[in-house]
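The same chain A turns up in both complexes below, where it pairs with chain B and then with chain C.
Take a look at the complex of A and B:
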């Protein structure tokens, strides 16, 4: 049954995608096709796969993720993403959704984190993790971002994230701020949110993970940040490393109070 | 009375050293959270003087800016034969359009684009031009090709930080993003009366 739904949905995407691409190059108005996609976000395929992965016994320990604590109680998915990243007492670390899921996969299922950290986006266990992300964030869609910055480790991560945001380095002297610190700026035809404002931070944070129409791929926030670092011409950030968590705390914390649109749809 | 006097500077010291701690932690994290990949080495994570001074929402004081700019000015290589604009504007157009180069997915550090259109409007017919930098439409036509103008533009392309230490524009020559020959082509794209930039 599920299979047929997937097949039908894939068919629909394949039919409409070229259209959307043509539109994207002609029409810079992004809202128009976000609207168009509103009742058929292809990310739903990933969400369905993620839900199944959550409930399926897997890994060396042959366990499901239904006991995974994303911060609001074991097995609770509703509203969990809107409160991440957060400090977790059991690991003594600040974790985002992706590093927390990775932790659950390791502790509950026995899937080694190294496999994910050393893997590739959209492949293997890191690919499965992305589907789980799609499932979890869907249950925070429309909720207000509510990240608790009161724990000293969260505060420190926020401060470090802010510093990283302005940290210029690499072959082209860019920092995140080079591309994301002014209102209404564009690179080529692509609009860039001003992440130094709460509204802009929420726009960025609260719309990823997202389905990217231009390449028909589902990207998580870790993937998004990885590609921004690539454009920044730095060395390659390690998956779920401190720098990615710090930036996530900074963006989520700054975007507190704004509604998340999860998963997003992007050009 | 004396006690309060003593405490105040101590408190100040503490907050200054806390800030320095945080900076050190961040610099460390910028190394440990990354790995080398292809041409993108871990050295890229270490800041030079200009990058370090320009890594906060507020730029350094005027004296520091001036000092940095003078040091950057001294790095500019002026064309040995005095040929600033004798390149081929058609080649320059390709360099201005291409935004590729120097990422960890690029196989070599050579044949990079300048990525000018990422940030600047140049040929008025090109609609998908970025807006991070000012419009350069009609550059040569509007500014003429006097020696100071041509020299300034060469210098700006070679090392943008010589004129504004915290410029968002990359240092094309200094950073080995573009070669001298490529910069000459881009100069032609900006100044040649036949270039679409000036039509």
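Take a look at the complex of A and C:
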């Protein structure tokens, strides 16, 4: 009797062993996991809030953002994010989506930029700005990144971004390139795009802002870059400062011609 | 007042697929804030989906469901223009009802 039980037990082991192997490789099937996440991306909830904010009269001037010029005409949202960052003649600066929205909030609504710059991520006006970002980028989803680098200021920003990308600093002597200059690298379940290639730069640029499933938070590119600096163990950048915009120009410019998946969804 | 849900419903070959994205903190009651105080439980307890006036799905939710829950389900029947109504109630008595037309 005992022998039979043993035989059955061994039989069971032999049967399950290949299954276990299959499971292990299935565990590494991140693409399937990402696909599951992408269906029902909760970033849509932020997008809905952002759309509302865009149309609602707010601030000391009690105005909406419907006259905000994101670079493709006053009030035009469709495709605007795919062409940002860009040089704006009215401010004489290169601006990314966040700094441009901040400019609109100050000029149209009278909400001081300092409130956003000195604020905290996901809180107050900076939190509202993130929802507006979700709304604007959704209207460039699937569009090809098309950043015009011809203006000298854009070139200057691109070169600065490239320099920052390779600049090693902080307690760990890390640069962006330390993690983002090889193909097929990942940290746990998160794939690290190789930003030294156009395809990789587009994967990075074109998948943020994103909803992070692991902490239920919506992160803009400014937030993502701020966290990269933090992980680098170096000085954290000021919100919407030149260094963050330079890195954005570098990534977007390098990723030109590739489709953006906006807003993204991440682990 | 709870934030709106995003609901999509599409009919195909006599089956309607409904996808619902809810905006809710779904706090378990197990977590503590930065000062060490317990964050009170706050989660959806019941969810009902109706096709026109007929209940097609009734579910009990609990603290193990994620923040901003996503729910997808299918039911037999349903045609373009029909009404799908989804409503939930949470443990604090808050509720939300949203409706959409089947596409």
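Throughout what follows, the second predicted complex is superposed on the first by the 233 of 267 C-alpha atoms of A that agree within 3 Å, B and C clash if a C-alpha of one lies under 4 Å from a C-alpha of the other, contacts with A are read in each partner's own complex, and residues count from 1 in each chain.
Basically, contacts are C-beta pairs under 8 Å (C-beta built on N, C-alpha and C of every residue); 3 or more make two chains touch, one makes a residue touch a chain.
Everything quoted here is computed from the prediction, not taken from an experiment.
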- request: Check whether A:196 is in contact with chain B, with chain C, with both or with neither, and answer first, second, both or neither.
  value: first
Task: Kindly classify A:259 by the partners it touches after superposition: chain B alone (first), chain C alone (second), both, or neither?
output: neither
Task: Please name the chain, chain B or chain C, that touches the greater number of residues in chain A.
output: B
Message: Between chain B and chain C, whom does A:115 touch in the aligned arrangement: first, second, both, or neither?
response: neither
Touched partner set for A:230, first chain B, second chain C, both or neither: first
- request: Identify the partner contact of A:45: answer first if only chain B is touched, second if only chain C is, both if each is, neither if none is.
  value: second
- request: Check the residue A:166 against both partner chains and state whether it touches chain B (first), chain C (second), both, or neither.
  value: first
- request: Pick one for A:106: touches chain B only (first), chain C only (second), both, or neither.
  value: neither
Field: Doubly contacted residues of chain A, that is, touched by chain B and again by chain C
entry: none
- line: Counting only contacts in the complex, chain B reaches chain A at residues 22-23, 25-26, 29-30, 32-37, 40-42, 44-47, 50-52, 54-57, 99, 102-105, 117-119, 127-132, 161, 168, 170-171, 175-177
- prompt: Residues of chain C touching chain A in their complex?
  reply: 3-4, 6, 19, 21, 23, 66-68, 70, 72
Sites on chain A touched by chain C in the complex: 39-40, 42, 44-45, 48-49, 213, 216
Chain A residues within the chain B interface of the complex: 156, 159-160, 163-164, 166-175, 177-179, 181-182, 184-189, 196, 230-231, 233-238, 241-244, 246
